[in-house]
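The same subunit A turns up in both complexes below, where it pairs with subunit B and then with subunit C.
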Partner chain A sequence: MRTSFTERALVTLSPGGWRALAAFLAVMLMGVPLLHLAVPAGSPLHVSDYVVTLTGKVLCYALVAVAMDLVWGYAGILSLGHGLFFALGGYAFGMYLMRQIGTDGSYHSTLPDFMVFLDWKTLPWYWQGSDHFWWAAFLVLAVPALVAFVFGYFAFQSRIKGVYFSIITQALTYAAMLLFFRNETGFGGNNGFTDFKRILGYSVTAPETRVVLLGVTSLALAGTLVLARWLVTSRFGRVLAAVRDAESRAMFIGYNPLWYKLFIWTLSAALCGIAGALYVPQVGIINPSEMSAAASIEIAVWVAVGGRGSLIGAIVGAIAVNLAKSWFTVSFPQYWLFFLGFLFIAVTLFLPEGLVGLWRRVQAHWAKRGEAMEWPPAPLEETAKPVASTVVPPPVPVVPLTEERPA
Partner chain B sequence: MKKLLFALLLACALPAWSALDPAVVHKLADDDSDQKIAAIQQLAQSVDPVAERLLKALSEDGVYVSGDTVFFSEGDKPVDAVTGKVIATPASNDSISINNRVRGVLDGALAGVKLFDPDAAVRLAAARALQEKVTPELIPLLTRAAKAETDAKVAPVIVQLLAQANLKNPDPVARLVAVQALAESASPNTRSLLLPLTDPATEKDDKVRAAAQTSLRAIDGKLAWGENLGRVFTGLSLGSILLLASLGLAITYGVMGVINMAHGELLMVGAYSAYAVQSLFRHYLPGAIDWYLPAAVPVAFFSAAIVGMVMERTVIRWLYGRPLETLLATWGISLILIQGARTLFGAQNVEVANPSWMSGGIALLPNLVLPWNRIVIIGFALSVLLLVWGLMNKTRLGLFVRAVTQNRPMAGCVGVPTQRIDTLAFGLGAGIAGLGGLALSQIANVGPEMGQGYIVDSFLVVVLGGVGQLAGAVYAALGLGIVAKFLEGWAGAVIAKIIVLAIVIVFIQRRPQGLFALKGRFADS
Partner chain C sequence: MSTTELIREMPQGSGTEPAPGMARVVQPGEVDLTHGVILYLDDITVSFDGFKALNRLSLAIGVGELRCIIGPNGAGKTTMMDVITGKTRPDSGKAFFGQTLDLTRLREPEIAHAGIGRKFQKPTVFEQHTVFENLELAMKTDKRVRKSLFFRLDDAARDKITDTLKLIRLDTVADRPAGLLSHGQKQWLEIGMLLMQEPKLLLLDEPVAGMTDDETMRTAELFVSLAGKHSLMVVEHDMAFVEKLGGKVTVLHEGSVLAEGDLATVQADQRVIEVYLGR
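So, the complex of A and B:
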């Protein structure tokens, strides 16, 4: 029997999950604006510019982490090139923001400053249409998705997987970084895009704009979370997990892994593009260093810290690592790399399921405390099992695993 | 008696014969630069040795006027410019100053005078120096020099010079001969000299234009040789660096299936060992500073090897069967090593100097110089390769390493201590990376982040060559190096890099197992 769409949509999150999501949105859409705009700056309840920007930035990273978790945690594809898709989205939207500067740049030209500097007279062809918000919004989705689709199609078709795939994604983003570093490429070279003035005619630095951008980012994150949750709990998600855990078997049953992998890979890239587009107006700069190998690997670490194969884990990991980074780079800049390095090692060695796994272990420990269990409650072998076993399937109505859906 | 008389006569005649024309000498003191230039050119034609001394003094601003006497100082003594004899110091004097235009002519004239030096080496050097600033005014001098020249090495250079000078001769026949003679040259300079002669706007004579085209083609052919050989050479040198960087990686990846993202930082450890040894030599053995590099070889190998073995024992060993996590953990190690280098040696690049025996190079062709440091690195890479090959194929350790690479459980069953082999293999791979870093310190900047730039490249080499294949790594490294350098000549460094990455990505898609795939039962495991 087929259940209605709303019914299935509702069960993607548990009632508690829906409540938490609603609370999160309430804070971001109402609490923060109120505390930022209405409460005077001197008051201890006032939320400062810094906090609003930082929150927006971290939420963008959380969105990237969810996108990363979709491919790594649920499809077993470790990408070391997600920074590229993030940056492509950022650049696509940055083009629009650059055009919004109009003649307010330091050269008072209709062209962006760096083009005046290069002595260019007209916009290159790929800048055509960048004046229009909707065209930019389209590019934000289309460019990363197209790059990912083409790259992924060839990679998955030749059945490249594991570390080989990771390495060539790294080579891809490295090549793109070199390309964007060139001044002649037409994206501002080394400095990238910065000094934005307006978005849709409103000042980028105005408190109201910041609050609205934060709100849009929170909505995007919440939407992505629900979409991702729905995807991974659907039949599609279970085929994906099968491909991850035993690709050959999934093929023998009759599924073509190419399209499953390609879909999740392309979707993930497009989500990264959205995150990049939201990141640029809030942080105020986009440059090729976002495509460095280090930036992409850091994304993988957020997911690993939070717990891969768990969407909430990805968000928690991104928030935790980035808040730690903000604190470290201000307080002990020289120790940040040490901390990050040890974090990489400690998480992979001792927390294969990340913070979420730790939380589950603690919960299990408290639950079984009456039975006088020793710490750790679970032997180490069990924690090293494929992550699939930890994804608790929600009560989805059972659909037979055939290609034809019952009417 | 007659002989004595003759000798006396000769002695009287000599001073008269050796004196310069006073009118010419006095023109030097003229305020007009054109007059000065004319005087210098006339002096340059003179066979009198005083002329050379005078011109040399003039180039050192040591010529003075006192009333009617022009004199120059030579070893703090005033010498009369006309007679070449030491005179009493005049009461007053004005220095003759020359501007840049005059100085250019003067330098040419001085080099022209040196063309008649008895020493062939001096003549050759003078002729080489003249190549840059030959003018039509030098034609009579050069003709004389060409006639007088007997040395087989110097003669062709002077003939070239004469041809160069004749290019602007108003007589088309002289130009034609000159253009044809220049076809023998292989210098980029001659090319730019001939180029205007192919243009109808500057050259009216059809025959000369046609001859210039032919000569240009001949020169281009020779230049292309030099350029292409140069590219092959720089490609080999880049390839040998890539080889040193990736040999170690090929071993660790082959044996343990582990992607070591900290491999670039092992290069850095090697490079910093070179720096440390250099500093020690500067401090304690300044006399033997040229020999710090051989002393740094074992230091670089063992320091990197120790870092590698510690990594293997503490982290990588615990992550077997989880290649993706190993990738993250080793990246963490690389961050710690980078920050460690920053804390120890500072965030700035440190200076590692080439020993004096590595500076300079061999000039094979006018546009091809092979620098010694690159030659040494190619030789070093070759010897490391030989050593590794011997180690892998002729020793017990190598046998065990190959056994573990092919089939770990079976090797363990027949008594190979797989865990110890892992540690040793990792140490070996890391040590070779240290040697690569040592080589790198001689041609690249040494800084905390130097390893990051090589990690992607060395992975591409390993992946391209096929996992666990030394031969594959060799072909892939040298091939990538040479292809990269040729593309660089054609499209510029950045585009070349992007094209190489694109080629490798496409290649891996076609042949995921690399150039030299393992065949048989374990190929797909």
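So, the complex of A and C:
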């Protein structure tokens, strides 16, 4: 049993996949810390604070993208409210960070500054225990998961699907944003949480802390990727795709889509919670704007750009769009949203399988030029087999692999 | 819903007396067939906005029987299958699977688990999955999330899938995505998926639509060989196929049973001739 489990875990990624993952972790856990801490700031090899923080932030987004791809790419559920789960994780951990400030705030009170400002005398009940790291860590997972579970149960039970589901998720995150904007809610109103000082007693801005946070984020992303890959290659993943493609057929052969959808939906929310919790100490602020409609739509854009239905695609998409965003918002801040909208339309029209699909097409193009073209094209997940060099071109009509595929 | 809950939901007879056939504990998932009837529809009415798709329909199918259902378009054949599989709830009437399972109170997956398999009019297979995976997904097994997460295909299951692949003559295309199959092959794949579920009752909605004559005759042979071991309800317009199947025929018209008997008797029935030719 144990050995078969290990075997199953090992084939989750291809040997090349494991090597790439190991290389990624080596860079993030050893390369970056070395270049950031040991190389003097003047050296061209030095990795700056800005780069470390930006990398950490982008990796958090990549984690969210993987979680999003699990529900959208593999279960066909387009959520336009994943920013909510990200923010809930961020707020849950932010409460801990606020308590870690202790009496070093502007008002030197044991209460967080915004509570003093509101003239509150004691902590609200839901802040109880938030000074304990493990309780906060528990909330990071439990709060988004619980909200997702309850919401998902009623939505999936009522068989709400497609665009209707997407709109409801959008409304959900918007409602939550309005709630969090209120000072009375007890989460700092429109300012949210900021001015963090310490995490587990260590200074949150110290280079060492930043490097550790980046390392933890990298591990979380790697772990999520392996878990997600394991899920989608298991029978569970096949059932999920079956529910996505032909839900009533899946029901008539005895699967209850409710629990399959609910499982992946809740898991996805918990993963977003982790990403949010890792994001807050690195970026130093969490406020209700994370729950805005646009923030959630952006998550869907990352996945669409990278290629939904491919986990690597989701990560690539999140990294590409966010790096573009960092550059754009500095160079032409007023045009970023236009660019984002343009990007989404362009990808939907010309690259329905995203950057990963483009890469596969380029590969197929080369293969076609070289020798026989592979037919049928590889399905969504990475199952491309090597093209046998001796095969004669098959007598099937060759579909031209042009950049613009007719709709 | 777990099987223990399923049993709890079964009618327990009046008062403390066990219902007939309930004296012995029915095993989880077992269907009580002691009275020789597998499906029993009584006085079923379904209306959509005032239109009665089914109008006091009563019908019984025996264990191991091969029954053909014919009738003009709009006679209520598909609605009847929807009621049996839990997709549509009747406004009134009873639907029992065996002696004990009330189909009007179970949901689709529960009905599937109880042993009713359905083939749709339009073949629906999982197009992105391979032929092999389609059969594997349909296989009778624990279909809850936890089991699916840690599922591993054992040799017995693999053999069973291989046998079914041969039976439906798709063993040479086992690794091909189902979406690339021909229409007739998809029909066969869906029949194969149905067989993998090991259902007691198979509902087949126009199973030979779009098949060649040769494929149609092979399908008829397959169904005849399945009768006895399974009970089959076949909805079909192809009279040559119905004749080849040779079972009892029920004619539906305007939501209720118009005639019942072997094909020759039914075809000689004056009312049936009117319905088919009169208007």
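Everything below uses one rule, namely that the second predicted complex is superposed on the first by the 366 of 407 C-alpha atoms of A that agree within 3 Å, B and C clash if a C-alpha of one lies under 4 Å from a C-alpha of the other, contacts with A are read in each partner's own complex, and residues count from 1 in each chain.
The rule we apply is simple: a residue touches a chain if its C-beta (ideal position, glycine included) is under 8 Å from a C-beta of that chain, and two chains touch if they have at least 3 such contacts.
This is a predicted model, so every value here is computed, not measured.
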Item to complete: Check the residue A:L231 against both partner chains and state whether it touches subunit B (first), subunit C (second), both, or neither.
Response: second
TODO: In the overlay, answer first, second, both or neither for which of subunit B and subunit C A:V330 touches.
DONE: neither
Looking at A:R182, would you say it contacts subunit B, subunit C, both, or neither? Reply first, second, both or neither. first
- Looking at the overlay, what does A:A41 touch: subunit B (first), subunit C (second), both, or neither? neither
Across subunit A, the partner (subunit B or subunit C) reaching more residues is B
May I ask you to decide whether A:S158 touches subunit B, subunit C, both, or neither, giving the answer as first, second, both or neither?
-> first
Subunit A residues where the subunit B and subunit C footprints coincide none
In the complex, the residues of subunit A that touch subunit C are 4, 8, 231, 234-236, 238-239, 241-242, 245-246, 248-256, 259-260, 263, 376, 379-380
Within the complex, subunit A is touched by subunit C residues 85, 87, 107-109, 112-113, 117-118, 120, 124-129, 133, 136-138, 140, 143-145, 148-152, 176-177, 180, 193, 197
Within their complex, subunit A touches subunit B through residues 72, 78, 80, 154-155, 157-160, 162-164, 166-168, 170-172, 174-175, 178-179, 181-182, 293-294, 297, 300-301, 304, 334-335, 337-338, 340-345, 347-349, 352, 384
Per the touch rule above, subunit B residues touching subunit A in the complex are 259, 261, 315, 318-319, 322-329, 331-336, 338-339, 342-343, 452, 455-456, 459-460, 463, 494, 497-498, 501-502, 504-506, 508-510, 512
